[in-house]
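Quick one: structure below, then a few questions.
Naming follows writing order (A, B, C, D and E), and every chain is counted from residue 1.
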Amino acid sequence: MVREDFWVEVFKIQGSVTPRVAGRLFGFSLFGAAVYLFFEVLQFHNGLATAHYEYIGVVLALLLVLRTNAGYDRWYEARKIWGGIVNQSRNLAQIGLIYGPRDRTWRENYARWVAAFSPVCCHSLRNEQNFEEISELSEVIGTGETRRLSEANHMPMYVVRRIATMLRDAVAAGEMDRFFFLQAEAERARLIDHIGGCERILRTPLAQAFSIKIRRFLFLYLLFLPIAIVDAAGVATPLVVFLVAYPLLALDQIGVELENPFSQARLNHLPLDQISATIRSNVLASIDEIPAMIPYADSP
Amino acid sequence: MVREDFWVEVFKIQGSVTPRVAGRLFGFSLFGAAVYLFFEVLQFHNGLATAHYEYIGVVLALLLVLRTNAGYDRWYEARKIWGGIVNQSRNLAQIGLIYGPRDRTWRENYARWVAAFSPVCCHSLRNEQNFEEISELSEVIGTGETRRLSEANHMPMYVVRRIATMLRDAVAAGEMDRFFFLQAEAERARLIDHIGGCERILRTPLAQAFSIKIRRFLFLYLLFLPIAIVDAAGVATPLVVFLVAYPLLALDQIGVELENPFSQARLNHLPLDQISATIRSNVLASIDEIPAMIPYADSP
Amino acid sequence: MVREDFWVEVFKIQGSVTPRVAGRLFGFSLFGAAVYLFFEVLQFHNGLATAHYEYIGVVLALLLVLRTNAGYDRWYEARKIWGGIVNQSRNLAQIGLIYGPRDRTWRENYARWVAAFSPVCCHSLRNEQNFEEISELSEVIGTGETRRLSEANHMPMYVVRRIATMLRDAVAAGEMDRFFFLQAEAERARLIDHIGGCERILRTPLAQAFSIKIRRFLFLYLLFLPIAIVDAAGVATPLVVFLVAYPLLALDQIGVELENPFSQARLNHLPLDQISATIRSNVLASIDEIPAMIPYADSP
Amino acid sequence: MVREDFWVEVFKIQGSVTPRVAGRLFGFSLFGAAVYLFFEVLQFHNGLATAHYEYIGVVLALLLVLRTNAGYDRWYEARKIWGGIVNQSRNLAQIGLIYGPRDRTWRENYARWVAAFSPVCCHSLRNEQNFEEISELSEVIGTGETRRLSEANHMPMYVVRRIATMLRDAVAAGEMDRFFFLQAEAERARLIDHIGGCERILRTPLAQAFSIKIRRFLFLYLLFLPIAIVDAAGVATPLVVFLVAYPLLALDQIGVELENPFSQARLNHLPLDQISATIRSNVLASIDEIPAMIPYADSP
Amino acid sequence: MVREDFWVEVFKIQGSVTPRVAGRLFGFSLFGAAVYLFFEVLQFHNGLATAHYEYIGVVLALLLVLRTNAGYDRWYEARKIWGGIVNQSRNLAQIGLIYGPRDRTWRENYARWVAAFSPVCCHSLRNEQNFEEISELSEVIGTGETRRLSEANHMPMYVVRRIATMLRDAVAAGEMDRFFFLQAEAERARLIDHIGGCERILRTPLAQAFSIKIRRFLFLYLLFLPIAIVDAAGVATPLVVFLVAYPLLALDQIGVELENPFSQARLNHLPLDQISATIRSNVLASIDEIPAMIPYADSP
């Protein structure tokens, strides 16, 4: 993974934003060539080639870096929240199955609802709420509940409510100690915080004035760039424009790609399906592993 | 959303700070032209065109970026706090409706007060406290309570108190388990933290010495800029001044716009009305959805 | 608040650090003039005018920005802690008055001690502990207690102890539910964390080696600056020195101003008096507003 | 540790990334020499030597620094999580041994399972799950349990479950107060959070589009670098290329090395074995130290 | 503290890292002089004087700033943790003395053990565990206990265990309410987190590959610096080398100094002795101040 990686990543196309900025990049380079020809023919000289033009570029680069960084922070925050969904789902399953009622039906139902939380969040964040779109949940919670779920005002809340209702019933029936319940409840409340966090990231892009401004500066900068360098760069003008425009346009595009970490249309979307599958496997495995540790009356 | 966005954002006017800095920008450019004419006529040369002048520009740019970043952090913190208001409102509603008394009147009243919290915060942060300004709350909590609310020393605290009183009564009447109450209370306390956090952001602008200083540097820098570049830039002086001044003035203005994320006069104010409407819809929908899960005596 | 602000802030004197650095600034500019005259008379040329000198300036600027940023973070952290004092005071008052004993004397005493916490912190952070300095507290907690307070080993701890003692008595007398007490106690413990946080900021300035080093670099840099630029800048040497030294010296001074956010001798000290007054008004208003909601036996 | 360190670190080979980038570095330098010979022979001049090329380098350096920083943050976060595993293991051992049942068998078993958690995490993060790979655990929890552990769906969860089961039994048997249990349970839940945090870091490398892009820019930059400098640098071209490429390639490699802080193939992997050994020693020592404080019935 | 400070700090020796880098600084300057003489004699010119050399310097400066910042963050984190030790010690003392048993012996013993925690941490972090090294603790906890403490596997844990045992006994004897105990226990657990945090900082220096790399770049950079500037700087070469090397070497050294905030051999070590003394005074004063508030049976 040491040397090979370097050359592999240098030439990798898949997962790269290059195709998404190729058009713009080509356009600005072409414009650079046109500027060169124009100045060559007219033998015209201009005063733009001052160091101050480069200074504007530094400001622009700082801004792009700032924005990419803000985008990366959002992406990482989303990843952390999903890490929290993994943790809380596991913890909730453990608490319910170890400290909860010994009745097998309750245990299985409970584990299934906990396992359903992360795929439901995933659907909800991708705006899929029709029964067809979420029908693979039928395996976990049954067709009837899946249909009812698809009609809920807020799907993840519906699942959390199911879990809360089961806990309440267990406590009311005297089969779960109140102190054990306290632990489960704290974890359950954090699940609501997590889904709220995802929705916040989904619905709040970067401050718009910020994003517009950067793109406008970028445009103005690249527009005047060939004029500023044509005297010094001569025939190399389009190449220099290309070399300057490539990282700037790509950085800008990476900022956009990182903005919505949930959408599958984005290059760096988080592997939500895979995370959900891991949770499901972990949680459902607990149904059988835990009774093997504790002598339950109804164990097979 | 890939290529189109780029060109759309480049030319977008709405949501841009350009109109707000246009005057200053025009002024400095004009001054640049005047400097050029003056030096042209007098055939005067000066020693300002040293690289050190550009260096001052770098310091200035670092400062502006720092300030914009600090502004963005405040804006994002405000967004996070409102995300917390969403989470805690939902959680509080869940806990009250699932673990609380089964009496329909209590449940409905409780949900209404929880739903009222976020619009009340919104009014409070915008300094609207007259009955007329908050009268649309009558739909949620009734006209009488809305009027009483408008006379409270601190409106969001009044709402939180109402919620606390209802919880206390439920516990006193033996209809809510103390362990369940503990959960509700923890969420309620966090609501007070959230409104306190919003007020802190609202009332503490950036350290003033910091903000004044940056604007003064910016002014001095742009004042001497044409003199520093006129020898090299010649007739392009106003254009260079424009290209340099535009990002700097815009960055400065964006910093100002991000400072108060609650005021509707700001370009990037948070969509508090919309967030409040979402909470209200979620919470009020719970009144009917939850009894459908739990067999309540008084369910319709 | 859009355009006017810009020009107002540019020329504002009050709240600016300019007067505090004027002497140094003038000194370095004068030295720049002297260097110019000296080199002019001697027709001497030197090799310092290399780009590397500017590079040192960039390192210096990065350091100053880093330090200002660290100072700003401390300032903001202090502000957040005081935001926490607001939140916890409010919360503590709510919990005591809603969930605590119904006895009016207890309620009033309790609210007064909670209201006393923030002004006591404020006095403590400003090192005022004589009875004369804190005598305005007599209105809140009475002259006798104010005098006893002034003799305590640690004033804010004394207040927190009073609050704890009242809660303990309420629980012991059976007038406050243990579950309700748990909530109050958690908030009370956070008050101790807050005052500890303030003391930490107050007593730990920036790492000293860091601060000394920056000032020494700044001095050396400004000392050699005129020698480095005199060849290129000629008669403009003092002006360039002024333009370069102004932001650097001001940034350095701002770093110092931000270091102690509690001292009234600092330009950007936090408005602790005003925050304390808000808390006091909020908390004392609760004494009358809450019984209006809950039918207390002793309500007027 | 003052002066010696400096020269020692300058020439240290072990723990350095230099050997890992030597090939690439040599290649680019050689290419620089080839470019020099080519241009020397052809007496060709080009327009690339503009300041704008250096500006691209600044953007690239900012990106590399950003990435290294992001990598360092991940590394430090991983270290913090393992610090948490130390804290929670110690705390859990204390609580169980001081507040738990007085039965020596229970105490010893309990301490052994707590001591087993960190080595199990370590194996799990390094993807070692065969009995042979984890057999050194037999000393702590016995051969039978080690084998069963190696068959679990998720090894760290298995250990946490064992601990939870023991706590539950102690409470059920009336040998552990429910309030004491609450403390133990909170610490146990945090252990699940910690292992989840490690897995998140392990499975989420830096956003890929980000990493590919930087390597591509780096390649393009170093490719055109000799062409841009050959006119000015002449025969020193390969040396300049070497001096520029070394920090850039090394920074890039350091970013890669920091990405996975758990793999022993990485230069800066965390000393997980050593940390685990410390925990084990601390926890197992408690078995004998605590009864010496508390008069247990079964103490030796 | 306004103007004087500036000049005082500029010339301060104590607390400065200058003496620690003086040797290296002198060496590099001397080497610069040698290079100048060599090139002067040989009338040799070289191609290193390109702007790209300065660019390497920028990358190096960014790295040094990054490292200093990381070091400062560690230092500040250590300071925050000790702030936490102050808070939790105070809080623990309060809770035990106000809510705990009324027996004077218990109260005094308890306060003494709490007061012993911070000096014990301090000794432990400085690797002092012999009885002679910690004998000043005898005043607080007696000679016998001090000796036993010096034989413990982990001294701070021993103290925490003592505290836990006393709390457990108080609860078992029915003299401390379980709800009150919950509060004490939460604070006690945080003490273990704090000492774990300090040990983490102590035992994890910056990622080594990172630190070696920076020093190697620094060395290479300063080695080639005089060759790169000798053409332009001439006789001023050693001065320029000095001015460039001073901030870079000092920054590097500051990074090292900040790495271990606990060792007294470091310039910026935290004043742990002083902090411990404050805690001790605060806690021991509570023994007498609290009974003055609460009518204890055994009060003097």
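In this section, a contact is a pair of C-beta atoms (placed from the backbone, for glycine too) under 8 Å apart; a residue touches a chain by one contact, two chains touch by 3 or more.
In this text the structure is predicted, and so the values were computed from the model without any measurement.
Common neighbours of chain C and chain D (chains touching each): E. Superposing the C-alpha atoms of chain C onto chain E requires a rotation of 70 degrees, rounded to the nearest 5.
Centre-to-centre separation between chain B and chain D, using Cα means, comes to 37 Å.
Put simply, the C-alpha centre of chain A and that of chain B have 23 angstrom between them. Each of the following residues of chain D touches two or more other chains: 51, 58, 62, 179, 182. Judged by the touch criterion defined above, the protein chains form a single closed ring in which each chain touches exactly two others.
Following neighbour contacts from chain C out to chain E and onward until the ring closes gives C, E, D, A, B.
Chain contact summary for the complex, chain A toward chain B: residues 20, 23-24, 46-53, 55-56, 58-60, 62-63, 66, 70, 152-154, 157-158, 160-162, 164-165, 168, 171, 178-179, 181-182, 185-186, 189, 192-193, 196-197, 199-200, 204, 207-213, 215-220, 224, 252, 256, 265.
Of all the residues in chain E, the ones that touch chain C in their complex are 1-3, 5-6, 9-10, 12, 15-18, 51, 54, 57-58, 61-62, 64-65, 68-69, 72, 75, 79-80, 82-84, 86-87, 90-91, 94-95, 98-99, 177, 179-180, 182-183, 186-187, 225, 229, 232-237, 239-240, 243-244, 246-248, 250-251, 254, 257-258, 267-268, 281-282, 285-286, 289-290, 293-294.
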